[in-house]
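Below, chain A partners chain B and then partners chain C, in two separate complexes.
And now, the complex of A and B:
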């Protein structure tokens, strides 16, 4: 029983990181209509930025802020310099997925070319441990959960209550109609990349904080869980992604703790397959609406 | 109602020799249409004639290959939809006319996107007075509305910015006849009466010509007949082909100069 509760604790931390990443991923697709499979590798790049920062004396929370900035700028540039030209030349949804896979390989291999295949760790003190029942959290894990909650509240507030956030949802729903309302959708899409990229950057360093060591492929491997959480929630649905992250995060850590660590990825897949069988449109989305790629 | 083009009011939207399509072969081949303040210009024509493509080209959604679109005398050919909205052009598409994932209120707020922040809420209330049915469903998702409610929302949304020119693409398709009549008479016609220039594309050709001032018949991407709406309505050949009327044989359409 205590093993189960302890793994629930791990699950909450994993779910927090996953929620930040999955909301970023799903927002990126929802607003920009590009399913960016390089998301995990941008996370890895961010982990390495965090590594450079912390080994050069930057405090861990300063590094988190730096990674958010890096993720935002890097993702926006990725879209402007690489993805947009392809979309302009008429590459459609599926073709763009292939482009993002190629991008993913380029980023991963560039990282490996610079840092090699070795293991890296952020230089920071995880702080003291705190017990809640049989769950144990370090203060940095509390920090990660706090950042996740703050990010989710931030995204919720943005999408629900601000003019910009509503314009993002309108653009995601129907770019042509959004333009007919006077919304400059290209700028809204830029903001979509900035916000989702910041979440990607935060998730990247949070992931590095939560593992003993990371490599050039850590983010890429984590992408499987991100996609599972996003698909569970109904791709493009921010609140669905939060629920999906909680489901995948908790169930995979509990399986890892109670059965064996190697079951982590398996559980993510099994949950995904079962949900897709029962509800192909995801757990939250009420309607699976057809989407066109925004030109 | 004007009986000749000389009697028409000054034209605020002027489309000249428009050639347009979707990247491949043109669908619209050199079309002239225009509308003045206070007028309803009705465009009818068979399915696939290119009516929607014409409207999409005017509103920045399809590619303009040749010709020009002028709004209040300014050349706006090929402008993006958001620039056209700023210039005073409103568009209610045939399908995808509301944001399904947004609530009724949020749809109206997006309709008023270009208004100053403080003016949005008052304008929403102002617009909603004309659509009492929508008042009680502000927090409902637009995808949950009935066909009639949805079209009301689409019209309310486009009115938020008080556009000079409003373009409707088949606003009554998918609507029951009673609702359709109400949309044409109580919304479209009334908008023109209050000073807007209205372009109306319709399948319900006789109803649309009845509330129209000027009529255009679009066949295979070309204007085959244009003239006072009443005149088009009265013509036997058009009546037979497009208005569901049975008449005696009459000159074929291609013998009539546009």
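And now, the complex of A and C:
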């Protein structure tokens, strides 16, 4: 029983990182209709930015801010300079997937060319550990959970209570209609990439904070869980992604703790398969149905 | 030619044959039936694994490697079994992935399947021997033939040619038939094909399983030559190389994609083999992958239909006499 509770603790931390990443991934799809499979690799890039920052004496909070900035700027540029031109050029759905996977390979291997295939870890002190029942958290893990809660509240407030958020939801549902209602959809899309890119950057450094070491492929592997969480919640749905992240994060860590560590990614995969078989458009499905991703 | 060059060229030809078979399989799935099959490499790996264990013989108690269902079957049998295994796996993957999903959504699902397969193979030591994989797979007919190493290489090139010819025949059975026409119709307009009474799911599944069979066979031919199998050599970027070959060659055109296989995996990846290895080991490899990605982007932008585009098929209008017969009639008159 204590093993179960302890792994629930790990699950909360994993779910926090996953929530940040999955919401970012799903927002990108929602506002721009592009499934950005380079998402995991942008996360890795931001882990390495965090590595550079922490080894050069920047504090961990400074590094998180830096990574958020890097992720936001990098993702927006990626969309502006690569994805949007291809879409305007007439590249269709499958072509865009080739574009994002090519981007993913380019980013991942550029990182590998620069830093080599070795293992890296952030230079910071994870702080003392605290016991809550049989759950153990370090202060850095509390930090990760706090960041996740703050970002989720931020995204919720943005989408729910601001005019910009309303415009984003409108663009996600029907871009043509949104444009004809006077919404500057291009600017909304830019903001969407800035926000989701910042989430991607934060998720990258949070992942690096939580694992003992990372390589140039860490983010790419994490993509399994991100996709599973996003698809479970209904791709394009920010709240759905939060729900999905919580489910996948908790269940994968419990499986890892109770059964065997190697089951971690498999659980995410099994959830994905079940969702695809039963309800391929996900739990909350308005955006997925509007964009006809699955039927 | 010196012995070393003979070795190099024969090896290159074998690689080419394997890649050509693989892109024909993928072209059937993607180019003809329009399935975003980003898990393709898994079927090839499955075929290769099946062929290895069926050649290796039963597992010895003291062996350094673990696998299931070891047997030492005579030569063509492991390859046939590999085709069956590839097709069976494609059937299972197809039950999940071939639904009415948007092309990019389907590609994402397939990619995740491929990532998970690698993860599972790496972590299940008893089934797949973990990241170390299998080695010392005996070469087919090597003992019986009594050939020198170089001559055996050329013998294997001939064997590959036979397999290529068989696969060419098999693929053409699909693409040059009413079945292939129905598959292309499903690819181009799913709803219209369904309205004409075509079984969309069945047609896609047929193409997907046939592609899986071809993938399995190509993997088997490859592993019987290499003598080793490990999960790390069948990662999802390899599927991307095949997709790049298809994009470069011409989606949907069997000859085009074969040219693509010659240009991308062989021409492009092998030509950089002789570059001096600067930096740490793996540096040049990383740059190669960057270059493959850039190449896919360039072709998608400038030549999205490839160097040899799929030929436009023309069919006579109702009432209009078929062209060839008309010409024959003219010729007989004049």
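Throughout what follows, the second predicted complex is superposed on the first by the 287 of 295 C-alpha atoms of A that agree within 3 Å, B and C clash if a C-alpha of one lies under 4 Å from a C-alpha of the other, contacts with A are read in each partner's own complex, and residues count from 1 in each chain.
As a convention for this text, a contact is a pair of C-beta atoms (placed from the backbone, for glycine too) under 8 Å apart; a residue touches a chain by one contact, two chains touch by 3 or more.
Bear in mind that the values here come from a model prediction, so they are computed numbers and not experimental data.
K.L.:
Contacts for A:163 in the overlay, against chain B (first) and chain C (second): which applies, first, second, both or neither?
P.N.:
first
K.L.:
So in the superposed three-chain picture, is A:262 touching just chain B, just chain C, both, or none of them (first/second/both/neither)?
P.N.:
After superposing on A, A:262 lies in contact with chain C but is clear of chain B.
K.L.:
Using the touch criterion from the header, give the chain among chain B and chain C with more contacted residues in chain A.
P.N.:
When the residues of chain A touched by each partner are counted, C comes out ahead.
K.L.:
A:272 in the overlay: touching chain B, chain C, both, or neither? Say first, second, both or neither.
P.N.:
In the superposition, A:272 touches chain C alone.
K.L.:
Can A:97 be said to touch chain B (first), chain C (second), both, or neither?
P.N.:
second
K.L.:
Scan A:180 for contacts with chain B and chain C and give back first, second, both or neither.
P.N.:
The first partner, chain B, only.
K.L.:
For the complex, give me every residue of chain A touching chain B.
P.N.:
Listed in rising order, the residues of chain A that touch chain B are 163, 166-167, 169-170, 172-174, 176-185, 286-287, 289.
K.L.:
Across the complex, what residues on chain B touch chain A?
P.N.:
59-61, 80-82, 84-86, 90-91, 93, 96-102, 106, 109-111, 113-114, 117, 143, 157, 161
K.L.:
Under the stated contact criterion, what part of chain C meets chain A in this complex?
P.N.:
Residues 36, 38, 96-97, 99-105, 107-109, 111-113, 115-116, 119-120, 123-124, 237, 240, 243, 247, 279-280, 282-283, 286-287, 289-290, 292-294, 296-297, 300-301, 304.
K.L.:
Could you pull out which chain A residues touch chain C in their complex?
P.N.:
For chain A paired with chain C, touching residues are 35, 37, 82, 86, 89, 91-99, 101-103, 105-106, 108-110, 112-113, 116-117, 220-221, 223-224, 227-228, 231, 235, 262, 265-266, 269, 272-273, 276-277, 280, 291-295.
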